[in-house]
Structure formats: C-alpha cells, structure tokens
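Just so it is clear, A, B, C and D label the chains in written order, and each chain counts residues from 1 on its own.
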C-alpha cells in the first residue's frame, strides 16, 4: 500500500480531530493522546507531550518510528524533566510507549487512544471491569482487563506488560492511572473511548439501582461487527459537535 | 378527518422540533427518533436514518406507510449496511419498525419516541423498572415494563414482541438498548421521554439515600389525566430552551 | 410602615430576579414560583401561572390579596384547565395557596419559594429529610419535614396542612412533588432554596461514601443567625451569575 | 531574596488568576480564597472578603502581614458584620487566619487555597478521608486529615488547631465546612485543590462500584515528587480554560 502526501495530510488532520474530540467530550485535558498508524509503515502519528488536546492542529502532529522509538524511549521520557516551568518540548508524549508497543504487537490495530477519563479510571481504582451492558459497549466484551499498576508506561518492558494484559481486546483500564482503547481505525478507537466512559457511567448507575447484566453473546457478536462500520457515523457525529472555532 | 397541506407542513415542523428538543435536552445523538402519526391515515412522519437529531428540519422528514413498511422492513434495515464510511442514506431509520408496529397496534397512539438516553437505559441494564415516584412520572404507573433483549427492532416479529411487552402503557425500557415512549400527541410523547430520564435520575438518587416510594393511586390517576393537557405547556417550554440558531 | 410606589417597583423587580435566579441555577422550569410579601399589607407579589421562570419581568408580577385569594382559590386553580394547548392565562399559579397560607400563618415570613428541584425532590421520594450537614445548611436544622402527599396544594385545607407540617421551620419537602423554602427576606428564601439543593447533593454523596453527620448545635445556632445577613451577599452573587441578556 | 516591584505585580496577577481558576472550575463562588506568600517576607497576598472569586483582578489583592494580622484577626472577622445588605468591605476574608496560621507554621508553604468545594466537603460530612487513589492524587497520601468542627477559623487558637490537624500534609478537609490545600507554589496549591475535587468524585464512583484501592507507595513517592514540576503544566492548562473575557 502506497500512501501519498495528501493521504498523510488527511491522516494528520484526523489525528488532530481525534484529540480535539476527546477534549470537547470532556475526556482529556493536557494528559492523554490519540494516535494513528501510518498505513503500510512501522510509524505512527501522535500529538506532542503535554499539549492540551483541544488545541492540536495538523502541524503539531509528530511522526514516530516504532523501532527507533524503543531505543530512545527512556530519554524521551526524561525530556519532560524536573523544571518548575511549563513544558515547551515538541517531543512525543512521555508515554508514547503505550502506542509503540501496541502497534508492534497488534497488526490489526491502526489507532490508539490513552486518557485519564474520570469515570472509567474510577472503575480501575475500584478494581471493577467495565462490562458489555448495552449495544454500544459490545466491543468491551467479555470485560475490560485491568493493568494492575498506576506506573507511567515508558520502558520497553512496560510496553510488553500492557500488551500482555490487553491481549486481543480493544479496551483496557490502567489501575489508578487511566484507560487505553484501540481499534482498526481512528474512528473506531475514538468513539469507543467515548462509549467506554458512557458505559462506565451507565454501569455505575445500574450498580446503584440493581445489578448490571451483560448482553447475550449473539447480540455482542453482532454489535461488535456492526461497530466496525457504525464508528464512521459516530465519529462524524462527535466531530459535528466541535464548537465552530475548533473545527479543522 | 381531512388533513390539509398546511396541517401536514405544521406536523412535519413539529416532528423536526421534537427531534431537536430531544437532542438539546442531551437525550439523543444520531441514534433515536421522534415520529408522529399523520391524522386519519395509516402513515407517519419520521426523521431519516442516523441523521443527528439536532439538525432535523421539516424538509428531511420522511412519510412512511405502516402496511407497506412491513413488506420492506428488512431491506430498509439492510440499507444502512456495512460500509466504512458515513451513512448518507435518506431512508427511514433501521428501527422504524418500533414506530410502525406501535401505530398499528395502538390506535390511541399518535406519536412515538425512541432513544438511547443514558440513565433510563442504565435502569434497563439493572433490570429495574422506572416508577411513578413524583407528579411528572404518573404516566409511568404502575411501572415501565422491560423488553428483555438488546437486539435491534426491525422485523415484523420484533414489532409484535415489543407491542406485547408495552401493552397499554406509554413507556417501556429496552434492556441494554434504550427506551420507547408514546402518547396521544407529539407533545405528550416528547415531554414524557424527557420526564422519564428525570424520573430515572431521581429514582437513582432516592435509591441511594433511602427507598423510593410510589405515589398513591388517586394522585397517579389525577396526574395521568392532567398531563394530557399540561404536555402542551411542557413542550412549549422545552421548545423555548432551544438555542436561537436551532429554532424553526 | 408605608411603602411608596418606587419601593413597590423595586420589590417587583426583586421578585422577578428571584424567579430568574432559580431558573438559571437549573432549579425551576415553568413550574415553581418565588413570591414576596408587600411590606405592611396582607398581599404579596408572585409570577403568573406556568410562565417559564427565566423570562419573568417586573411587568408580569401579579399582586395577590391573601384573604381575597382564599375565596377564589379553587376557581383560580380550575382556570388552568383541560385544554390541549399552551396555557396563556395571566392568573396566579394554581398553587398560589402555598404562598397565601404561609404568609397568613407566619408573620415572620416575607418570601416563599416553591420548586420541583430534582435532588431535593428525590429525597422526598425516599422519605429522607435533608439535614444540617454543613454551614450553609444550618437553616435546615433539625431537619426538613416532609409533607406526606404529592397532591397539588390549592384549597384552604391544603394550605392549613402544609403550614402544620412546616411549623416554625424554613424549609420543607413535599413528597413526590417538590419543596418549599421561606424566610424573612426574598434574598434569604431564594438562596436557601439553592443551598437546599446543594445540601441534598452533598448529603447524597456523603450517604454513598459514609454516614452524613449533622453539625454541632452551637455552630447551627451561629450560622442560622449569620445567614440572616450573609443571604444578601449570596443573593448578589447568584444575581451576578445571570447571563447578560437576562439581567434586569 | 529580594523581590522587585515587577515581581510583586506578577505575583498579584498570579493570585488573581488562581482565584479565577477556582471559580471557573466551579469550585468556589464568593466563599473561599487563594493566597500566596510574598517571597522572603512574613506577608502574603490574598483576595478581599466575600468578593466573587471569578472577578478578582490584581488591583483587588490585599497584602497581609502574618504577625500583625494575629493582633487584629478578631476585629477583622467582626467587620463583615450583621448588616442586611451586601458586604462592600475591602478587608481580608473573615477566615484569613487559615492562611496566616499556615504560613507561620509551615515555612515550606508558599500558597494556600480554601474553598467550600462540594464533593470534597461532602466527604468531610461523611467523615471519609480522600485517598491517594490515582496518579494526580498522590499528594493526598496517606489520606486527607479531617478537622472535626465546621466552625469558622478566625482566632489564633483556631489557626493553631488547623495546623495541628494538617501536620506536614498538603490537603485537609474541614468537617461540614470546606477544604484547605497548600503547597510550595501557587500553581501546586491551585491544581491540587482541583485534583482534590476530581479525586473525591472518582473515590465516590469507586465506592459505589467496588472498593477504592490506594496506589502502591513507590508510585505515590514518585508522583508526589513529579507533581512539584507538573503543577506548572497543569496550572497553565487550567488558565487556558478561562473564558476569553476572564483572562488577565
């Protein structure tokens, strides 16, 4: 597959939009990042370290080579160092390893989202997995695994461990830290990060008024497949909610 | 009853407004739909498939013949098919059967609302019916039935089954899926879909701080009757909350 | 005490502001009303029936004579009758008796607020009184009584019964219906209706994470006195939050 | 350390910004205050009594001498006295002693925040400490102490008692009253007051869906150190969220 310059520009724009959507959905601040694999390569596009997600434009997007990054991951982490000032680096995020490790381990994954979104992260604190309780949550079946440590993910070893926890699933909680959602398209990963938070909210309410029940397996299977396609509608919808000044 | 062209235009506008109100109340996104029976016919007006509810204008409204739809319901469902792109169809929603079946089974019903509204749907996940706990919830007495499956409703058989679950009531939960509210007017169905969510929120709080109690039967009976009239005030109020740019 | 025309205009404006503040705090819609006694008289100012509270201007304010109203209360109630249309009456609210009865029974009361505010009403549904759990809730000590019926309050007998439930307190829940708050000034009644909802929210959270404790009596006594004065600061603050287009 | 006039102006501006940020985060109204020590002195900058935090400008900032204030603290408290009118004093807040006492007792503290923020205060009502449950909450380890009384803090003795409760920690709940957060910089204290509320919300959710677990000690130690630096990024981020008209 050959990717032209115009395709790359479109992809950068989509990565910027994904970051903005997570911000305007109230699910990310200056932490967290949305990335996308550059088709046919071992590289991906990602936003810079600590930059607020709502302001990301295509020109800010950084290209990261998976294999080269593994060599420099610890130095990259250290660059956002101990200064009593605002970080002005243009480096990749300190936890870029979340993305590099997943793209390396999972050829089916073309986009990764990491956030500290509040309700899903609160479930991680409680050690309670998020369940496939309604149609838009089918993708989380049989349940979201929980990575057991809040530590920041930046070494090659960290990357290996989160991949082992995630396995073949598409969403995972990081205990006392945040969440990771991935998928075959940026649209899929972004909208499922949004649906993960909505599902967590619904599961919280359901836990307070009764006992949450998971969907039957046939409906889970059907909706999992269905969301491969419906994610494009969902992404277009969430994009349409961006305030006028924030559209690209 | 003869319905003139002007009446039809007014009705289309009201259907568009009902959709917009559900959106601006935060109860619907690109899923869900508000419809109204065309008086004196076996047809109804409904929004198109997957179009965000906040943007529906009278010109988008589709007329659906109840009997003809039963013949084509499965093809209609299939049209919003498996494409990795935004759906641009102008067909009726995939779940138009929710509406067709209810208008056929319930001559007293002139409007139907289906949404995935968060809190009421969370009650469905918990298997907990929503109760007539305060005046604006009298219509939900004795409690909202719960359709037991999250499956999408599109076949004639699906339609029969939801009608059997609903019976003579005006609101129902679809487990792991969403809600259906109907009534003798679009005003009634729309405002009760809003009050259903508010009731669910109040019942959730009441469950956390004590035990929710239902209203005495005489007050339920009085308020059920009263809401036939007060729904017009309520609808006018919710319409007045639409942002300036979104009014029709 | 003689009240000049200018004072009356100022009072009408303050009543309008009280209604608007309750709307913009998200605590009232087209139900509920804020009123104030006209000093030195047996009359009070109140908004018209079913008019959205956010739009009330001084010119809409109605003067109601307490004694005369008792004669006409049931006719007034009936006027917002059974029409399938928006109520366009300029009559006092159907539940004006809440106000008339309290002004008659409680010479210390110069303002009354009635709303259906969500969280406090949810407490009424649960049968759980709201408690003096923090400084701004001292006024609710020893706890808010709960009127046991959701029925609408419009007869002389209804009025007597709610006064009996309230006694000498300043806030009461109406089970499955709403709340009543009163006080020696419109500022006091309005801000305590706001604090009642905030207290309910805090008591809800506290109930979920532990057991709410009430304040010690000396601090309750001190704060109750203190709020006679601090209510003016609080009212000025909530007034400052009105959007520019909604200020008077 | 010598502090020039320009540095003082910058610090006043930062104190004003801290107050505004707390307001626009929805964590303070006309109660509460953000202060900062004037470097190399026994004085600090603070906003005036009862002024809404969202409107504080550098010109409103008051300089308070720690030692002199102890002499006048009770008179200062009495100045916001018993008037049925809006307080127009330009005095320091009635509870300035919270700040004076902490700056005197804790040379490491350069900024203090006091608010009545809703969820954290609800935890105080329940007697439930806020725990280090996720990375941005490490600073609250091992848990927030709870000062046992809701009384207003204005005497020298009050000041001593809250310092004894706080000890060497950086955040404390005041039962039935509010919270205090302090730190080595205004950035640190402000962002941790925000994170305290977010942590309380997450701990509430976690308590409803399971049992909140605290972070392991090594991650707590690492993040505590890390936040000395990351607070500058966080503060810049929250500052960027101020609406255009509210920036300084």
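Structure notes:
Just so we're on the same page, a residue touches a chain if its C-beta (ideal position, glycine included) is under 8 Å from a C-beta of that chain, and two chains touch if they have at least 3 such contacts.
Not measured: the values here are computed from a predicted model.
The chains in contact with subunit A and with subunit B alike: there are none. Between subunit A and subunit D, two chains of identical sequence, the interface residue sets overlap only in part, with shared numbers making up under half of the total. Subunit B maps onto subunit C through a rotation of 90°, based on Cα atoms and reported in steps of 5.
Centroid to centroid, with C-alpha atoms defining each point, subunit C and subunit D lie 33 Å apart.
For this pair, subunit A with subunit C, the centres built from the Cα atoms lie 47 Å apart. Residues of subunit C found to touch two or more other chains are 203-204, 207-208.
Per the touch definition, subunit C reaches subunit B in the complex via residues 29-30, 50, 52, 55, 81-87, 116, 118-119, 121-128, 149-152, 175-177, 203-204, 207-208. Residue ranges on subunit D touching subunit A, taken from their complex, read 133-136, 185, 198, 201-213, 215-216, 219, 222-223, 228-229, 232-234, 236-237, 240.
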